[in-house]
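Next come two complexes, and both contain subunit A; in the first it sits with subunit B, in the second with subunit C.
Let's look at the complex of A and B:
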């Protein structure tokens, strides 16, 4: 499996561009996604949740709840028994990401198409990146459609247009949501390279998602208590412990995404994490932050989400390049 | 030297301790049909993958159409068609849609693409079912669709891995016919198979693979000469007893005579001796009942070769 360094004379690159054929792959994969039953089911699911939760939210808002930023409230207003739409997003977006990619590469092996495709004048780079782009494109398309649907529903039900501030926040949230999906897409694609069975890849992806959703919070708390024990009465140690717990919790993309949703959609949020009363000195409680400041607040989170997506993709890329093609 | 299409020199591929291909030397010339023959796991597929740059050689060199597969894979893959072992398709798409994808990956577009797709479907006789989903296709049709995909890029060399495996006899016959047509269009063809008798009919030259080495190479007739000791095998039924047998032994160019029952003889000779055999029987006072020549079968060459090998190993051990 290892390449032989002495056989690769310096300065002799492989010919041609790694992106040859990329758009052919993207177009074909995108067409597959958009016509697949799998995608249709997910779209129906997400449209139903979006219209249900947002309609419920508009009912609450018309009844006088919420203040300014009506459109942002569409996303975050919950009405019993339904949670808010952002709550559903945290659940549905990973599901879509995983569904789009868990059989990306092993599917080609199982259909016995891989050797034929790689015998065409393209590099493996184009196949893998094309599949990733197509997945991300399908995800972006679906989410954008949902976003427009929500805004449309809001316009009809509330009768006021969103202001510029809200539009910026909504678009930023859309972008972050796409990359949150991108992480799960890249993860599922990585597993589709590692595991020969699509079902195994899907289960492994869901296991990781479940781990971060259900267990990581608990583990982060336990780890923080272990590593930074805080004796009763020691406020400084307690602060350290809480900060460590937060840092650990932020390893989970779910935490990052939840914090972005909170800070972007609720302008009154001025900081994420622990704030001491002394730090709030001079602040007017409840007054909204300008959009640019909220963006700045969530910038590290967005960077983290994008970086994780790229890292996972890169790992998959390395594994795929070294994979033997014979089925 | 321009007509050399494939050239391997001391080509070796190891997977850990396992040597899949061992110091392979191979030359295929333009317009030839070359058969890579041998049992499963003898290194045929690995050799093919190295020709296409899909697997890197551990050592040695390969040139395909004068190009290096590890450094210039795109140029090679644009000129060489590869039909993998049990080729797969996107079952949910139609034959035409499958072809469109392959054409686009080859950078063929627009009117040119439509024209080439029509042409290659016609060549393999699938024009009528072009817009049917591939999942409804029989194995024979899938195999021909595979060839259509290969023809799209108008290749100079086609490499086929076990193309007749899992086809019924009629489909095999049609497929071999198709291969002959491609050869007459001037395309060089390499095919691998372990079904020796099927490919014997179409191959100009064959190489026999065994445990990663190409142990024999040449035309079927050459191999028969080398392994069986006589290229011509004559089947004789004659009355006359030992006198006839003695006379047959004395014929020049006869290498082997065996009597099977009272009247049946198997004769191996270096040239076609049927007339001499008939005369010899009559001169010895016998009566010819039947006389025919057998074309040596690759299976037999192969089996005989490994019999000898195994005996040699046994002796050495």
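Let's look at the complex of A and C:
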């Protein structure tokens, strides 16, 4: 490390840790997020949906609807006219992610505060990473609070504690949910770097989200039919087509998240995707999978979500580092 | 028809012409000269047991004169009692008329302390004109224990069956004495047999008998299921008053192998990884009473799975012996995580086959998990590279 500065050209000297001042940024940003009206609105929204859906679910469960795994059923039991809590999460988590980051960088530009910040002994690395971490932290905090709220409500209403398997599954689902929000956070941050107007960045993020939510499923189906046409009666070609469609659909984080929610919260789900009847020969139907096996089943999805979050952040990082700051 | 009538008429004429019919001639021939008074018994020499009274049936009759006949016994030994009984009453005389014989019993009661031997006495019947005598000989014998007491009759004294069967012997027990008695029933069976006496569906230990009554009993013999094969004898004793009867029942147990398939700790579940051979230790046990031969081990696995046994076959397994067997189960490469049922079957040459359902929890390979970790590491490495390249501006 001592010899490094000699090899680096003058003017691009790199000294000390790039993360100097990171925690200052994280603390400040977190404080900003948690006190902002925007966050308050989102929190109220999500707490209302959580308590509403989960209370409805407990009413159903107390009427004897659920079997074993009562606490997991809190998340997935729907009661008319409300959908289940996981259904709301699929919508609300991207919304929080986008709301937390769509003006992360361009907001600083517009308020002309970025040069002031960077005048401090804080590298750009630390600023961007700090903002991202603060966003992820705020998201994690909110979601953890909601998870605790749900478990507390469940304890009150059901009167039984969750067992170890359920706790593992619930925590795993929390982690995956945080990274599902992380993707949208990183995306919104990327757009806030690319676009100078926060409104444009927000709109672009929402457009991407809408694209994956509403249209990607249809497009994946069409693409699969186009790339792997299956003549009627050809079972093998049909299987290939379905598998391609599934693979394409899994590009969407929404699909990944939905599959994780399914496999984690319903222990009876043993495989995601296409299952041939021959694979089910001799299988015991309805027997719950051990939690570790469900984790392993959803591990590729979680990997995809985490890796996508990191890659989007890396992309934003590179773009930000190369940006002209003097504004 | 007419022909028949003519033949019938001729036959009748023939009979009439022959004068005396042969049937009538035969009837008249044994008829001896008419007797004024006669006395006889069909069995003038009788055997009797000491202590039992003797009853002799006498018949008195007259061919000519209706009369009252006085009855007496002459030459009666010292201490003996004799009396005449007719229609349940003690009598001294009887009235006879031609073609109306009087039948009555002579009841002789020898004293208890009489010694065995021949005794003679004479019955004297004195009518209005003449006197007839009838000598009677009694042969008294010492009392025998089993004589004239209870008698067993078994329809099928030897039965054959497996240790699972209940042996049912149909037995008729007869009280041959002329006394009421209550018979208690005892059985002497080898260890491992339960014997039950049944009469009309009820379990009994003793049963009352009228004189000369016979009852059919059911003797149910139930062996313990783990009795070894062999012949077993069961002595049945019926004891009533002073008499008793025994009979021998034989139960032949044919051995039956009973194969059981389990694990050493009784747990019938296990875990296996997709595509990987996993060994499960099974225990083949013969809980039956005969050796099991040629136990073939097989399995009914889900499609695409392979199950191999080590060893595949057990040549002989004695009763109450166990053998450890290894089942190598390889789940299909396409198996999905979760529970599958594999049925293991042990089939001996004789006897029922035993199947055990074994639940195999298939575990997904952690390889893809590792790939995921590597992917994340690559992503982090990418960020690190970006920091190295563009960092600290």
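Odds and ends about this structure:
Here, the second predicted complex is superposed on the first by the 314 of 327 C-alpha atoms of A that agree within 3 Å, B and C clash if a C-alpha of one lies under 4 Å from a C-alpha of the other, contacts with A are read in each partner's own complex, and residues count from 1 in each chain.
Everything that follows uses one rule, which is that a residue touches a chain if its C-beta (ideal position, glycine included) is under 8 Å from a C-beta of that chain, and two chains touch if they have at least 3 such contacts.
Keep in mind it's a predicted model, so treat the numbers as computed, not measured.
After superposition on subunit A, the partners subunit B and subunit C are seen to fit next to each other with no clash. The vertex angle at subunit A, taken between the C-alpha centres of subunit B and subunit C once both structures are aligned on chain A, is 160 degrees to the nearest 10. In the superposition on chain A, contact of A:59 is made with neither subunit B nor subunit C. When the shared chain is aligned, subunit B and subunit C each come close enough to touch A:123. Using the contact criterion defined above for the overlaid structures, shared-chain residue A:307 touches subunit C, although it does not reach subunit B.
By the touch criterion defined above, A:27 lies against subunit B but remains apart from subunit C after alignment on the C-alpha atoms of chain A.
Legend: residue contacts after superposition of the two complexes on their common chain; A:225 is shown touching neither subunit B nor subunit C.
Of the two partner chains placed by superposition, A:68 touches none, neither subunit B nor subunit C.
When both complexes are overlaid on chain A, the residue A:111 reaches subunit B alone and has no touch with subunit C. Of the two partner chains, subunit C is the only one touched by A:317; subunit B is not. Superposing the two structures on chain A brings subunit B to within 7 Å of subunit C, judged by their nearest Cα atoms.
When the two complexes are superposed on chain A, the residues of subunit A that touch both subunit B and subunit C are 14-16, 123.
Residues 14-16, 18, 123-125, 270-271, 275-276, 278-284, 287, 289-290, 293, 296-297, 299-300, 302-303, 306-307, 310-311, 313-314, 317-318, 321-322 of subunit A are the ones that touch subunit C when the two sit in their complex. Of all residues in subunit C, those touching subunit A in their complex are 301-305, 332, 334-342, 359, 361, 363-364, 366, 368-369, 371-373, 375-376, 378-380, 382-383, 386-387, 390-393.
By the touch rule above, subunit B contacts subunit A in their complex via residues 15, 45-46, 49, 52, 54-56, 58-59, 70-75, 77-78, 80-92, 101-102, 104-107, 146, 149. On subunit A, the positions that touch subunit B within their shared complex are 1, 3-4, 7, 12, 14-16, 20-21, 24-25, 27-28, 32, 111-113, 115-123, 324-327.
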